[in-house]
Amino acid sequence: MRKHSAIMRTGVAATIVMIAAATAAHAQDKVIKIGGLFAMSGPGSYFGVQDKQGIDLAIEQLNKNGVNGHRFEVQYEDSACSPLPATQAAKRLLEQYKPQIVLGEECSDATLAIMPLMEQAKVPLLNAGSSSIKITDPGNPWTFHIMPNEVMQGVDIATNAYKRLNARTAVLLYENTNAGIGNAKVFGDTFKSLGGQILADIGFGRDVNDFTAIATRIAGLGKVDVIPTYTLEGQGLRITQALAQASVTKGGGGQSIQLGTIWLPFGFEQKAGKAALGYVRIVQFDPTDKREVVQNFIRSFKAKYNQEPTHINAHAFDQILVVADVVRRGGKDSQSIRDIMATTKDFSGVTGSVEFDKTNQNTKMDTIHYMETLPDLSWKALGWN
Amino acid sequence: MTAPDRVAAAAQARPATAAAFFCSEGLHKRFGGVQAVRDISLNIPHGSVFAIIGPNGAGKSTLLNLMSGLYQPDAGRMVFDGVDLVGVPAHKRVRLGLARTFQKIRLFKQLSVLGNVIAAFHVHHDIPAWQYVVHGAAFARDHARCRAEAINLLRFVGLEARASVLAASLAYGEQRMLELARALATSPRLLMLDEPAAGLNAAEVERLLERIRLLRERGMTIIVVEHNMDLVMKISDRVLVMDYGQHLFAGTPAEVQANPSVIAAYLGAMT
Amino acid sequence: MLTIVLQQGINGIVFGSLYVLVALGLTLIYGVLVQINFAHADIVTIGAFAAYFFTFLFGGNYLVSIGIALMVGAALGWLVNATIFAPLRERGSELLPLIATIGVSILLQNAMLLWFGPIPYAFDSPYSNEVIRLGGGTFITWQNLIIIGVSAVTIALLYAFMKFTMMGKALRAVAQDRETAGLMGINPNQLIMLTFVIASALAGMGGAMLGPILVLTPFAGTSVIVKAFAIVIIGGFGNVEGTIIAGLAVGLVESFATQLVNPGLTDLIVFTLLLLMLAFRPTGLIAEKREENV
Amino acid sequence: MSSGGGLALAGQSGNRRWWLFVAAVVIAALPLVFQDSYWRTNLIVCAINIMLAIGLDFILGYAGQLNLGHSAFYGIGAYASTLLIMKLGVPFWMAFVCAVVLSGAAGMALSIFAVRLRGHYLAIASLGFAVIVHQVLLNWISLTQGPLGIYAIKPPPDIALPGLPVISFGNTANMFYLVAAFAFLFYLLLDQLVRSPIGETLTAIREDEVSAASFGINCTAWKVFAFGVGSAIAGAAGAFYASFVGTLVPDAFIITESFTILAMVIVGGMGTLIGPVWGAILLTVLPELLRGFGDLRLVLYGAALTLVVLFLPGGLVQAVQILRARFGLLRTAGDAGMRR
């Protein structure tokens, strides 16, 4: 037995030497520590799982040769898309991992809950998923918002619906969440101010499964031009099918056009089938975009995960690119990253370009792309902005 | 002052009215189609042992449940020591001095034997409300008094040695005795026993008989629903025989034994 | 206007029979065992996933997948009864099995989350988007027709089984009085296991048929189970006829609440109905009041 | 007859008072040991969960009423106090008292409403009540902001005592002392009640209502009392949750929250009061330690609840008892004996 333990001892010693050597090699590269605050458990993990894919891919690519002498490292914490767990996760990140910058959260109420913590700890928070306007209005100097907020989106969609689709009547259809109610309200107010008429305002719980009753109600409202729909992929699919079955939308031989938000991933049409015909929606990520950064992203994503990237993968990937751009321009600690990020002007990523105004809200609208579903379920870019 | 003496004192304290201590007129109770109790009238004088006998399903237990307030009668009057009982729920009748045991033993299985008896002191705590939270002197006195009295009651039924044992682990005879002790803990003036001798062996029946005799000497009024004729004949002053929910015959034990219709009801139409 | 009322009526019946399919298993178990299996709806979800993977991964026929889901449900029912309800029966506690199955429900949901992930599955059967135009502008999909048909057939079969077969009579005996049934030579444990397997098989089969309608995520069960309880109580625990009537009633209440008020309020309305029912008729629509025998 | 008071399991009152003193010292020391605000946050959440667990244990463990709707009272307390402060400008402590009284009243109302219900029926009725409260919070947007949520809820006001530095509750250590003090007080209140004849009355109801009534116990009244006290404490926990997290969304009080609290009571040890305290601590800290495991964490949660009910219905308290018995540490059990 003794001889055996001698071998064990030398083996252990050897491994320790190796590890020391490896870290030494990296020592001269300075490390940018990134905190990933996403929902990793419960229903909210729908977002977290996809954010992680996008972020891991971006960091893997950037760390090949580093940026401006820096390498990137990320630690995820489960914020479970809810205020208290998000606060606990944020405090754990800030105190134990001490990141220079934090990405997240997807759910608006979790994001709003952690913003004061970020401001207190003087660590910048980069958000790409929530739509609530409160994130940057009043917001705080330490919170940056890549995605156009609900007002920017709502006004844009409502105006296009009224002017380009010359819709005069609409039915608001939304899930009973912060994002759902916020977006639907902005669309409704803008559409009414343009002279349009809201025939019904239908909010549904996230546990509703059968939408035939809702589709029947809409069918009974007479001529409905557009149906702005604010919900996630799961319920969105069943709504589109129900509206087609009730022959309200084009997919079922009706006249109404369903207006979708950015929350539906690429490939939604293939899942929904011919019911999605004529669906006009804005997307945060257009895989048919020819720009090199977009095609590289799609190729490397498919190589790593062999599945089609969604808009959540894309905007998570972009979050890292924005950070990399800031580091390239000299950002190295929380304060400098914040200051340089605020001056981001002509950054162009997978989902579109980024320019922050004084409230750190991205003003560029080209992260919103208009698409229409054709009979063969492919996308036709409408190029409305 | 041991518990049984306290019981006797309470019994004497209220001078029994000359008329019946417990009386009922025209009691009726129906369950769906079954007329469980039909037109039963009773007159039970103070300090006596009144037995209710009859074949299975004669409505004995139902009558007892009507008296104890578990069921409310469909019709009829019940008066206990001048107080009209109809409509009074079971837990209020205990404060008037009525106590009962159950045919199917209903002990607090997860509590100790002592715990079972102490739980039955519910109506006899004199502690100011605030002392339930801040345990002061009155609380301590009451606490000690209850424990002492409970141990006396256990001694009275011969279970003192088993005080800390879980009620569920008692032998059947012991469980019957604990039921009796718990009923006595409410210091009743009228004690209703629902087939107390059921399942007891001869020696245990003898002990039970002796206990009941002792209680009667101390002025307790007792109503016994029972099948054990030996017990009934030895202990009861008057007996009511019920059949199909109706009053068949009432009289002294001797008269009951001799009465042909009672024999017929019990032994079937022999003659 | 008539089409709307007719169509919402059809929607109500479709959704009602969806609830009845799930609630039936709960009532069966309660009828015989006087216990609640809180993980019952998760067996529905697992049935749906089983059918999904059978049709989309192994390319099997959808109708066969309903059989597969039935067997998966039966197996789960056997497992839950053997590991949870049988051992706890000796202890005779009424609440421990309910609490244990809450644990099982949390376990199953999160295990599914680990295996199947949070992203909803687009489970569409060949019948879910085939629309039949009924008269007067109303419509129903083949899938919904199958749901109504199958639940009607299941109820009929169950009724016949309970009324006419020897096993069915034995089951009802065990439901009335387990000890006496035991004395009559009926092995209660075997029959209780049988009830469990039947009820869970129903749940599994229900899952296969609801998959193409539900938003198929590991949490699909949560939204269904709470309403299924409401229905089982409104109908009267353990009373099959009551459950059927209550299930259809809740389905109709939901569709007309969506039409007249707002879909967000359907849960509120259903549960207020439940609490009112409990206050005035605690034993449910059909069952008569039982005096507590002492 | 004394139950297992203090942190010990069995023992006479002198011993109990010593254990309570040890607990007070430990509580005082905790924030000094855990300097970083992450662990202090967990300590505060622990104290809130302890309040919820002992409140539910008083209803379920002692009075034997399976209340699956405890999250409803937690929510009523949180929203009542916050709305009173933010909409009517009521000072924090008055709003706190109102919230506690309101959720206590809601608990009593549910108990009165479900007076004839037993076991399963009561469990489902309380579940239905929790669903209704969650739906009301979710849909009454004009009052509660519904899913839009209420933000920037201020912590309790500073306390400026003459001669002492100002105590501000924005600081996690002070907030912890406040919440832990209330948890300790509520524990003491319930422990005193449970060791008084009221405890005996409630356990009698738990064991057999018919038999309890035959000793003069008005079961309805005492069940309403148990529900009132348990839900009032849950209301207090809700008020502290709101002022600590600063954000209120209805989904924080969905019915699955009731199951979490139930798990704490069962895993800790139903009907022992000290059990749920340990259950709350374990099931608050354990998920934090398993943070890296994401979904596995909740699988363990479900498994723990099921396995405890199956093999260790007495929970941690029973486990400790078995261990002490095996290692002969059990002092003279006396008549107390650990009753479950």
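Note that the chains are named A, B, C and D in the order they appear, and that numbering of residues resets to 1 at the start of each chain.
Following the convention adopted for this analysis, a residue touches a chain if its C-beta (ideal position, glycine included) is under 8 Å from a C-beta of that chain, and two chains touch if they have at least 3 such contacts.
As the structure is a prediction and not an experimental result, all values here were calculated from the model.
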Going from chain A to chain B via touching chains takes a minimum number of steps equal to 2
Relative to chain C, the most remote chain by C-alpha centroid is chain B
Averaging C-alpha coordinates per chain, one finds the centres of chain A and chain D separated by a number of Å equal to 38
Here the gap between chain C and chain D, centre to centre from mean Cα coordinates and rounded to Å, is 33
Dist(centroid_CA(chain B), centroid_CA(chain D)) in Å evaluates to 41
Within chain D, the set of residues that touch 2 or more other chains is 135, 138-139, 210, 295, 298
Where chain A touches two or more other chains at once, the residues are 41-42, 45, 176, 205
Multi-chain contacts in chain B, i.e. residues touching at least two other chains, fall at 70, 102, 106
Contacts from chain A onto chain D in the complex sit at residues 40-42, 45, 77-78, 82-84, 87-89, 91-92, 94-96, 109, 112-113, 116, 134, 176-178, 180-182, 205
Counting only contacts in the complex, chain D reaches chain C at residues 66, 113-114, 116-117, 119-121, 123-125, 127-129, 131-132, 135-136, 138-139, 210, 255-256, 259, 262-263, 266, 295-296, 298-299, 301-307, 309-310, 313
The residues of chain C that touch chain D in their complex are 30, 34, 36, 83-84, 87-88, 91, 93-96, 98-111, 113-114, 222, 226, 229-230, 233, 237, 262, 264-265, 267-268, 271-272, 274-275, 278-279, 282, 292, 294
Chain D residues touching chain B in their complex are 1, 189, 192-193, 195-198, 200-201, 203-204, 207-208, 210-219, 333-335, 337, 339-340
Chain C partner, complex, touching residues on chain A are 41-46, 49-50, 176, 202-205, 207-210, 212-214, 216-217, 219-220, 232-235, 237-238, 241, 244-247, 252, 271-273, 275
